[in-house]
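Labels for the chains are A, B, C and D, by order of writing; each one numbers its residues from 1.
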Amino acid sequence: MSDKAYALFEEQQQARGIDLGWVKQQLSKLKIETPSWGYGDSGTRFKVFQKTGVPRNPFEKFEDAAQVHKYTGLAPSVAIHIPWDKVDDYGKLRSHAEGLGLAIGAVNPNLFQEEEYELGSVTNADAAIRRKATDHLLECVDIAKATGSRELSLWFADGTNYPGQGDIRQRKAWMQEALTEMYKAMTPEMRMLIEYKFFEPAFYHTDLADWGMAYNLAQKLGPQAEVLVDTGHHAQGTNIEHIVAYLIDEQRLGGFHFNSRKYADDDLIVGSVNPYELFLIFYQIIGAGLDQDAGVRRTVEDIAYMIDQSHNIEQKIPAMIRSVLNVQTQYAKALLINHEEVAEAQRRADVLGAEDAVRKAFEFDVTPLLHALREEQGLPLDPMKAYLDTSYGKDILVRGKGGASW
Amino acid sequence: MSDKAYALFEEQQQARGIDLGWVKQQLSKLKIETPSWGYGDSGTRFKVFQKTGVPRNPFEKFEDAAQVHKYTGLAPSVAIHIPWDKVDDYGKLRSHAEGLGLAIGAVNPNLFQEEEYELGSVTNADAAIRRKATDHLLECVDIAKATGSRELSLWFADGTNYPGQGDIRQRKAWMQEALTEMYKAMTPEMRMLIEYKFFEPAFYHTDLADWGMAYNLAQKLGPQAEVLVDTGHHAQGTNIEHIVAYLIDEQRLGGFHFNSRKYADDDLIVGSVNPYELFLIFYQIIGAGLDQDAGVRRTVEDIAYMIDQSHNIEQKIPAMIRSVLNVQTQYAKALLINHEEVAEAQRRADVLGAEDAVRKAFEFDVTPLLHALREEQGLPLDPMKAYLDTSYGKDILVRGKGGASW
Amino acid sequence: MSDKAYALFEEQQQARGIDLGWVKQQLSKLKIETPSWGYGDSGTRFKVFQKTGVPRNPFEKFEDAAQVHKYTGLAPSVAIHIPWDKVDDYGKLRSHAEGLGLAIGAVNPNLFQEEEYELGSVTNADAAIRRKATDHLLECVDIAKATGSRELSLWFADGTNYPGQGDIRQRKAWMQEALTEMYKAMTPEMRMLIEYKFFEPAFYHTDLADWGMAYNLAQKLGPQAEVLVDTGHHAQGTNIEHIVAYLIDEQRLGGFHFNSRKYADDDLIVGSVNPYELFLIFYQIIGAGLDQDAGVRRTVEDIAYMIDQSHNIEQKIPAMIRSVLNVQTQYAKALLINHEEVAEAQRRADVLGAEDAVRKAFEFDVTPLLHALREEQGLPLDPMKAYLDTSYGKDILVRGKGGASW
Amino acid sequence: MSDKAYALFEEQQQARGIDLGWVKQQLSKLKIETPSWGYGDSGTRFKVFQKTGVPRNPFEKFEDAAQVHKYTGLAPSVAIHIPWDKVDDYGKLRSHAEGLGLAIGAVNPNLFQEEEYELGSVTNADAAIRRKATDHLLECVDIAKATGSRELSLWFADGTNYPGQGDIRQRKAWMQEALTEMYKAMTPEMRMLIEYKFFEPAFYHTDLADWGMAYNLAQKLGPQAEVLVDTGHHAQGTNIEHIVAYLIDEQRLGGFHFNSRKYADDDLIVGSVNPYELFLIFYQIIGAGLDQDAGVRRTVEDIAYMIDQSHNIEQKIPAMIRSVLNVQTQYAKALLINHEEVAEAQRRADVLGAEDAVRKAFEFDVTPLLHALREEQGLPLDPMKAYLDTSYGKDILVRGKGGASW
């Protein structure tokens, strides 16, 4: 059935002027980084439910991550979180990863779980705490050197819960001060990805609250600083793909933390709440990449796609497989947009025609395409089934409960 | 200065036709229940910062709560949470409370922290888990009998994170089934307060998601079931005072969980984000109470005012003192509304006049009034200062860190 | 290609245990009512852009609506709005409609465009204005008798802009009073559909603000009163399919006003912002219909599907064709859910499996199915293209500008 | 009573270390610009209710505005909107204004009410329409020269309703192109104030959607371009005072459009929904002004405070009086914050102390202060009453209905 389906699909897309060779080439370049902490226990403030079989150390996290890549071919690198993934010998961790066919991806400092950081880390009113926090940032640069990581991915919980609690402008200056110091410590190959967040855990003001604050800071720091868009870190209704297009146009889109949300920063599986939004994000990225301007294309190709989710109730490895597959699916659909058709409708002020030209790509079933791609890549047609058919999920139960949590 | 200020205030209010005798009488009847868990450590999913001096057991929680009542005269009862406040001998806890001048208030079952409840408690697809959850509800009725509590305050974390995860209609039936069993176990003096919540920890659907679902369920159960309004449990923009007025009119407003939020269920100190909203809630309650209809008056007088907050970064006891004082302040302001003036403006279609008649009560400084009231009640004029001037806060530091948390 | 595609689709669905005969039967019963006002000019408070060719009277609106039905087979009835569609002889309008193969659908009173209604219609503090408003409701019952309409669809702009402007509880009573009078005037065949709205044009409180208020009122009125869900009338984040499932379970879901929104009540084309949400609404409806309980099935079959949108910048007739096609597409996808597969995953607490069982139905391309259906029904395979290939759109340009607006 | 009240107030504030002389000096410098269109009819998309007595031309608008200034002393300038306030002879309008004691304030181009602008003005895909729009911007620069206006206040309705409708990056470039041309046409005394808006009338994407986009554009244009913050143009929950502090710190806060909202861009009377938010905005502004850095002070002093509201159901002149009084009230309260007390609490990590130091200023009744100020300025103590006691409101009824609307 698969061959027939692909033949039909090909016929259909050719009739629309879509070059499936190019589509498959693009798809084969898609790389999605999974986070080490996504394999551990996580939860809400009410409860962290403990799963049996959760990895007990960074090495086991990479082993689990390798399963995701093995069946999907999509997830060749793993982001680490310091100190959660602190090890004595990063060379050993790197070898372990490489032995599993993985690279160590972005290094993520943690500046929210030490008692001192109760009222802020790099924006704390206490200079000693700011020093400690900045030193941790510098430590992470060193770790990135040891792991061969090119990305330093920064999220700050810093903010306040009440009016008056902190001096907003002073904290802004402190943030810039700390990141300037870190920026200078980076090697030329490194990039600093600056994440922003609307709220939580700060409930009055968050020092880096929106893309504008992250962008402005990146601009001040220099060309190696870019903005990281977490799809769950916006106010309700925010048009994320607009921000994406904007940042690409300014050559400052560094990457994504993908996840889904219906309410706040729910950190659900990407593509599970509003898959069309994910499709529309890729529509903007692909459109920008098609532009002649070489600079834009570079930016687009350097976008780091990363998962950042909390699998509170899901089985961790299958949840990650589902996540990268959902991203692949929506990327594949977005690659079926005929941009010339859209542009023509725009030129003739045909609102419905332009909308249709975008939406109809979303309505195709890309299963035949993905099956063909996987066949070419020697991957199982149904990666989830392939994983579930193995005993890996059962084998790791010996790890017991109480493994890593974030 | 205080006397002069009150004399001036009295003159001013008399000129407006406000009977300060009645106002003080109403104020002296204000009782705000504080929650035992508000004295323990709490936090966000990212971190629970541990405070030194946090109570180590239910008895110490009541001791801390007694401080709040001692200086404010506003907080004569304390809500308990089972199993967090589980003790071998509830008679002993009750005596302890009474010895401190306190009563044990609402009993709150906990149906979200056992491993079994990962996918729901009373709405879990597994009948054995539903049974366990319902048994806990019945246990709480028994505890209420032992503690002399009249309120059973129910909040359920039950819900789903993904479409398809649960059968929404089936879960609705299971919820009703469990509460029907609990309802039957209650004594005629008891009330069931049913809380609803927009989201969190469930991120797709919450079984009791809004006032309508709680209200409809209460109606099915019978007259001893009422709705509990947590001020942080609504979608952005929701007009909470409208819901309050509506529920009073239907004689189903059982009580409040007071707190503040700017974003989601931030659980900040009540009155710290939008104090005017708290004032407007009291405007509706007072207005309903002034109605001739005896039934409405009864409902209004039975409203249980309770604090439910997370003092993640605040000193616990001062945070609670601030909370009850904020409630008192806004209640006092709302008592200064001249309802006849409002009604007249409404009758002559004077939008600005009606708005002004409400808002101007908010703009009065009620400090002279509250000072006079406290003087009459033998309380310190500045309860916060009075508490902070004692050594209580320092004395409890011997408890160390790692006390109760929720 | 179409035949091959359907053969493949059939093979695929049979393998999943889906009975396409049943699916097509369900699809062939789908009826979506379009609103007469959707063919006229509409806009925002900033500007109503005037389209050339907009209908100049109710008769022309039906002619345009007939085009939508002609090519889609989905829209056999048209809702009317009084007084926008007031005519001297409703029998003549009915004959005109029937001559076009259409029925007159729901009658919608208008209680927001007379100068007297500035501060409310049925909840106005002025008894004479309330009387006028109630009389209009009664007039609409009479019109429904004349047109053969079975639905009276009620939306009230009533509410206030400022605290104090109106007496919330009193207005609640007035609302009930007016609707009680109207309810009594209805014939046994009629249904009253009560719509609610979060906000706009009232910006402080809206008298019927949410489903709970509409539902509670319907319950008081009697079995012929039901709730109408407008998909754009909720707070951000609201789980609409939950409300839908809830109302079906209470046998009070009367119907829908379909449209899309990203922000407020944007009234965009249904299915254009988050098509997955529309699919999930149908998932709940279909699931309820599959239940054994005959009562539930009846409720589900009586749900009135209606479009209510503002085509501010779109060509009116194509916008309506797109709208009903989008509804059909998502309904078709939802019919492909294997409910037994979902239920089994729920029973074994397989969160990811259950989610997948729902979502994967969404990912099918239902074009082969819809083509097959249209072929059987003698309809053009591509209704939009079929319409655009005619000269109708050009022919109506003779009507000029300045036609009907709402 | 007024003298006694002020004496008491003075005593109280002196005890807190507040210099009332400085406070009054600051208050006496407060200037709030009212908009000409705020005196005309406005409404929602559902209905514009027509008031009797609404001005029929720009000259009458200035006469009404003069009433607001006469009784409050707060509103010495009036913003104009082109073409709504287009006149043959701007010198004559300026003389008329000056004769009334008013200045002509910001010039506001209108780029949303011509039929050509249906799909955008300066970002329209049609070059001829972009040219027309840009020419209008240049015309407004010329008008500003004629009226002596220093501010050009730009709001664009430009955006799209559907994905694909427009090329987001291309439109961004067109926006910059048009504003660059306008910027070059300005005289050195002029400032361009760039407004942003979350949504409406565009419902998918708005070309200038948030402060970040406006700020980035202003930076590219040059030092005479600044950001205008409309308090109703943000997503729910947005911390506006944070944005204000941020923009001041970057020396790019040009001014405000004040109004209130509970839901979307409701355009209600400023200070009527959450007065504390307005107070907190002033807290940030005053705090920045107290900084030693001369540059910051300059920015703060140049902030243009402007009202931008829709008085849909209110009497226009009283609504404007209420608006400027509300701003004055919250500004007065914010001037009572003891910033050193706040800073000390911040330094000792006293969250509750810092919060209290801010909030308690809000709880003072500033009526005695404002009465004293008005007495010194020769203004009526109660400006609203003073206006309502005149016959002006009745006298203008001869203008009839159907005057200016926006």
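By our rule, a contact is a pair of C-beta atoms (placed from the backbone, for glycine too) under 8 Å apart; a residue touches a chain by one contact, two chains touch by 3 or more.
All values reported here derive from a predicted model rather than from experimental measurement.
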Contact steps required, at the very least, to link chain B with chain D come to 1
The pair out of B-C and A-B sharing more C-beta contacts is B-C
Between chain A and chain B, the Cα-mean centres are separated in Å by 40
So chain D residues touching two or more other chains come to 119, 161-163, 198-199, 204, 236-237, 239, 262-263, 269, 272-273, 313, 351, 355-356, 359
Within the complex, chain B is touched by chain C residues 119, 125-126, 161-169, 172, 198-199, 204-205, 209-213, 215-216, 234-239, 241-242, 245-246, 248-250, 280, 283-284, 287-288, 342-343, 345-347, 349, 351, 354-359
Seen from chain D, its contact residues with chain C in the complex are 42-47, 49-50, 112-113, 115, 117-119, 157, 161-163, 198-201, 203-204, 236, 261-264, 266, 268-269, 272-273, 310, 312-313
Touching chain B in the complex, chain D uses residues 1, 4-5, 8, 11-12, 236-237, 239, 262-263, 269, 272-277, 313-315, 318-319, 322, 329, 351-352, 355-356, 359, 362-365, 367, 384
